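Some structures are shown below for you to check.
Shared between the two complexes below is chain A, which pairs with chain B and chain C, respectively.
So, the complex of A and B:
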């Protein structure tokens, strides 16, 4: 029978073993009550049942700020993080997002920084039993559970986890400690199936990105619609920063007394200076062209270039956007407007 | 997943010559420690530690250990590059981007259309055409600059003319003694001999000029897939990762910077 069973009281033992040669990252509660992914000191502090809209784990592969080279007395040294990591508790949508980023960053001209981190990281994702109201991964095939693409996927069955293995790296992490895992019984599989069904049924939003993509491609969304979206955007960049699939960066040099660091940091296509040319020429000067760029990239071009939508339905942009023009809202509006246009 | 080479590590080059072509433009001849194969239309990221990296087209041909770049002082990094002299170090990585489809010019007339610094990548094209001179028919260079002082590579025109390249110059603001044309480069189509419909065009210059030239050539009957240009965009990586040059589903750095008019007809080039 496929998979393994991990009794919950063995989880901390297993994680402690995995931590021996790796940094363990997991969801922790800050004193303010926020939940963030951080290096775990005390395993019992991991939040085992966090809300689905956790921060994404993007920063562990593409940090918000990272030194890529150090230059000193005429020599260049690339700064490559070699540290091994285990990330526990990330969500299916985040794993799905990483699989897409893999194609983007690794398929041609592989990015050495992303590649090194990905190679050194084991992902232990947890199926969402209770999606948030903002979640819509289910319509995209990016959750609440995955059929493939994960290293190790856990499903919470109450007092135990169903453990599925999806990669050689995942297999090693289970096999080495096989004594804490048990063979699943038929009832375990039934329970897992039950959880999958009930979780899937709990989604409050059913969003079909494919349908919206065709609406846009068949010119059913006019410029006025995008203009309205753009008018509301205050260009804070929040959506870009929280999105597990937004990966644009900028590069700049920092000069210190003895050395120079070349650093790369997150950037956002919604920012006015993003495409600025020498002499201050600004393509995409109009906010509407930037707004369209963001949505078109995710809905039209990502599928063409990468083979999947540039959105996994994590709902994070809906949580941060102060203007209520997040992916789900805009997509649902597109549907409504074009349906009205047809019926009216 | 195996470890991958660091595609962002620049090579250390040595400037052999830094020559001022006009007040804001310098030509650099750079020697690199290992062989580098490149082709007209491609660019390198020139890199100065403490300042940053900028995309610059290669403006020379063939020599795998000495490359030439023409740099206009346009801002932060290019001003720092302008401080460099022969003997100084400059870092570079590349070549990147799509080449000019130069085989297309075989057995055809060729029109090279340039504005200002836009002649830099096209200089490599002209050098290529000179090398393959027997394979191409008539070659016309239409080159416009704001002022006569701004015309680049002036001492090379005679060599080009000697190889039967028709060099037609125009300026916006003539100085005393200027005997060439006055006006924008797109007023010079009548100078091209033969049928534009059958010819090939390579175009580079400021966005407005590119836009006007592409549209004109197309309206004059040249097929859209034989009108070729190279575009500028903000670039931080050169390899399709940073996202800055992304436009309409394509990365200017890896899918371009060379495009045929056919490929970018829908784009608003002067946006």
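So, the complex of A and C:
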């Protein structure tokens, strides 16, 4: 892997060139001060120092609502998006999550919709200099910077970016405009290392998912604990919707006068109807069985099936959960409860 | 992809969210992380509010009934026809033969214009909307006590409160983001008191839960106040300096000893004492209530009792200290503020006040009617009696939402002319002579006012489908055809007119709402920052007034023939008559069919199993639905959500009205529950051998 230096002055030029055949997505400030990913009209409006935890970019690969095909009595027309995209400013946790989602959507039975979008999207991720209080990717190896798996990874060194290339797609995007990039000097590498060190040191919470996994597996977390968690849950589905690794969807048909659209929508295992059976039977009618399952899926089943935890420590569930039963809080509670049990 | 900041169209919380737009379609939603109400969260309805916008059932062209069938027509034809028929009705029977229902789902601007149209063009005060059915008791009760009927605190104050007293509100399911703030307060050590005949989720976090009998709220509150008085917990200074009529009120409490109240309400006297002590002694006490208080024939009395309680303890007029009616619809506060009510113009200026009337006459250049008009339920009566000949309904569905539906249907059938303006062909629209296709919240600009009086901007994200038009454009078009041109470039011009005529909205203009999260009224001028909590230093009417109330039992009590009390309400995943949520995949999947909640002990006596079909009947109607055995209602009480047209709870409900504000008693009526015979399974068909089928 080779590094390059991109002066911040040249960033807008480079992005403008990349935008010529793609839709450029980046973090923009909304009128009321929130920051969201959307199509960039004016490149200078991109927020270069956004908070660490931005909304997930999952929606650009698995949209909340998409028409997958349209059919009539005798014809079926698949809808496939061919649009090319460049996503600028996403974080390491998002890139790490996409790598895991790839295993779900691309291994064994590839999903053509996801696969097409993945192929057509260039990711330019930015290393977190200042993680948010809700972030805990560092303990999981999903951030604040990555060693591999990205297309292009930028590290903010003040007036310039250190640019690392991690894929052929990334290499093309740099090589084509190589005249705006420079060779890094030794001091650049030292600066980059310092950013990595200081960012890592800034995390406010260290969360050991492996420890909690073994606590659960060794039956040290009783049903009462999960009941308490479930009591607080209002089944909004927010944690699932924002989780960059939750990939559940449902399909439904929209019947128009002339044609029918097969639609795929985000779904969540926290809904009792998610497992509704014929005859109206609800195997997971008790909220505890659903809430608990979400955590089990992330902590136990994911490592078994996909390899790696079903959590990258992005902390988005902590932002979105109205009841404060996000991954970090629950995991820390499990640890506290079991430690108390041991000491008591 | 574009992300358009706007406001959720479901409940009165008024959560900030982004609509994700790509290729002219809304394809997703995400919460606004800085918004003071939802702070980055949403409930399941909010997360899914994108789906109904492009539903194939959306109305796309005007429809006119010809030979009994609704036939597609052009806008010109439809509006001309409406104008002609309305004019004819007025010239034949007089202006008061027309009734108008405005909508708590539509924007302030649209409510204002329809109100103006009704009064200035049709020439009647017969305009009302669904607030009649939810919080008219609040508007009546609190206006009498304080001079203003709205939530006195802000949602963001909740987390800092020390005591939260929630009565008659299923907050977790109906105002999920307010419940989030309550949960945070509890986590920080606040005491939560919940009183509700039906034990809902919010009770799980309560320190004290009181399960009083349906319809005994006045008695319960009088009991609590009796203890406060007897134990000298009254805030004497507050009572002396800021209120009047205390002595008359004091007398009214005399008989309500906790022991007597225990007999009336079923709540233990010791619990009543405990609640009184906790609520009165802790400062920073917030009171919350909703339909459980208002939807009774004693609705106004219930609200007055609550107002007395906060004045008695001095818990009002400060941050984290006040009385908070949780408004249901996204813009029900705004629709009331805009004067979509039969007795007031915008900002609650009375139509009977000659000064106010003259002001509006000068601004609108028309003579305005002097007498107050008819309320929702009175319109039904008037139609049945033949006094009301035509109705114009914007975004409401009385054929599912009003009490005693059989009568409502009869009334609608008697009308000579019915116009319905909606986004889907609702139960009511199916009855209409003309149906006008309207735009959703995602297809127009305007403002919603949430339950904490926050006026917020909604922004157009996509164009309406087909020929559908924003409600305000339909009204202005119709008005022009009826000889009263209304010309506005966009809704910001309407808002300017509202600000000019409405003191509490004086400084609320679109350009001020563009950045940030709106303004809370009263906001009298353009430099005013808005008012987070009401009644600071003095009440809107000067002194707060104690209003003695009498305890009365509900209008219809169980007897031998109808031995159960029926309580109605909503579920967490559906909203009112379901026009939007029942067209949303995951919401409909959560609760796809009507059900009745019945206590397991009652079920056992009646030999009803979980999921079994039962018939529930009242004196007015009868429905069939599945039983759900739950112990969150006490024995003798059943609960049915009113979302479902398949088994409409309102076929059963009692249209008995509160004498003052005419709110129907949705929360109590007498019903009978009968299990339907279990249908024996047909015998298993004989297994057919493949060989037999082979044609030989």
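Please note the rule applied: the second predicted complex is superposed on the first by the 342 of 344 C-alpha atoms of A that agree within 3 Å, B and C clash if a C-alpha of one lies under 4 Å from a C-alpha of the other, contacts with A are read in each partner's own complex, and residues count from 1 in each chain.
Quick note on the criterion: a contact is a pair of C-beta atoms (placed from the backbone, for glycine too) under 8 Å apart; a residue touches a chain by one contact, two chains touch by 3 or more.
Treat the numbers as computed from the prediction; the structure is a model and nothing was measured.
Undergrad: Could you look at A:275 and tell me whether it touches chain B, chain C, both or neither (first, second, both, neither)?
TA: In the superposition, A:275 contacts chain B only.
Undergrad: In the superposed arrangement, which partner chain does A:118 touch: chain B (first), chain C (second), both, or neither?
TA: Only chain B is touched by A:118; chain C is not.
Undergrad: Have a look at where A:323 lands relative to chain B and chain C in the superposition and call it first, second, both or neither.
TA: second
Undergrad: Is A:201 contacted by the first partner chain B, the second partner chain C, both or neither?
TA: Touch partners of A:201: none, neither chain B nor chain C.
Undergrad: Which of the two partners, first being chain B and second being chain C, lies in contact with A:236: first, second, both, or neither?
TA: The answer is second: A:236 touches chain C but not chain B.
Undergrad: Which partner does A:76 reach: the first (chain B), the second (chain C), both, or neither?
TA: Only chain B is touched by A:76; chain C is not.
Undergrad: May I ask you to decide whether A:267 touches chain B, chain C, both, or neither, giving the answer as first, second, both or neither?
TA: After superposition on chain A, A:267 lies in contact with both partners, chain B and chain C.
Undergrad: Name the contact category of A:247: first (chain B only), second (chain C only), both, or neither.
TA: In the superposed model, A:247 contacts chain B only, not chain C.
Undergrad: Kindly list the residues of chain A that each of chain B and chain C touches, one partner per complex.
TA: In chain A, residues 250, 252, 255, 267, 274, 276 are touched by chain B and also by chain C.
Undergrad: Mind pulling up the chain A residues that touch chain B in the complex?
TA: 68-69, 71, 74, 76, 78, 80, 104-106, 108-112, 115-116, 118-119, 247-253, 255, 260, 262, 264, 267, 269, 274-279, 281, 283-285, 289, 293, 296-297, 300-301, 304-305
Undergrad: Considering the complex alone, what residue numbers of chain B touch chain A?
TA: Its residues touching chain A are 1-10, 12, 49-53, 74-75, 78, 89, 91, 207, 232-234, 236-237, 239-249, 254, 271.
Undergrad: Could you list, by residue number, the parts of chain A that touch chain C in their complex?
TA: 23, 25, 30-34, 36-39, 55, 59-60, 63-66, 231-232, 234-238, 241-242, 250, 252, 254-257, 265, 267-268, 271-274, 276, 280, 319-324
Undergrad: Flag every residue of chain C that touches chain A in the complex, lowest number first.
TA: Within the complex, chain C touches chain A at residues 1-3, 5, 16, 18, 20, 22, 27-35, 38, 40-44, 46-47, 50-51, 55-56, 172-173, 176-177, 179-180, 183-184, 187, 201, 204, 514-517, 572, 585-586, 589-590, 592-593, 611.
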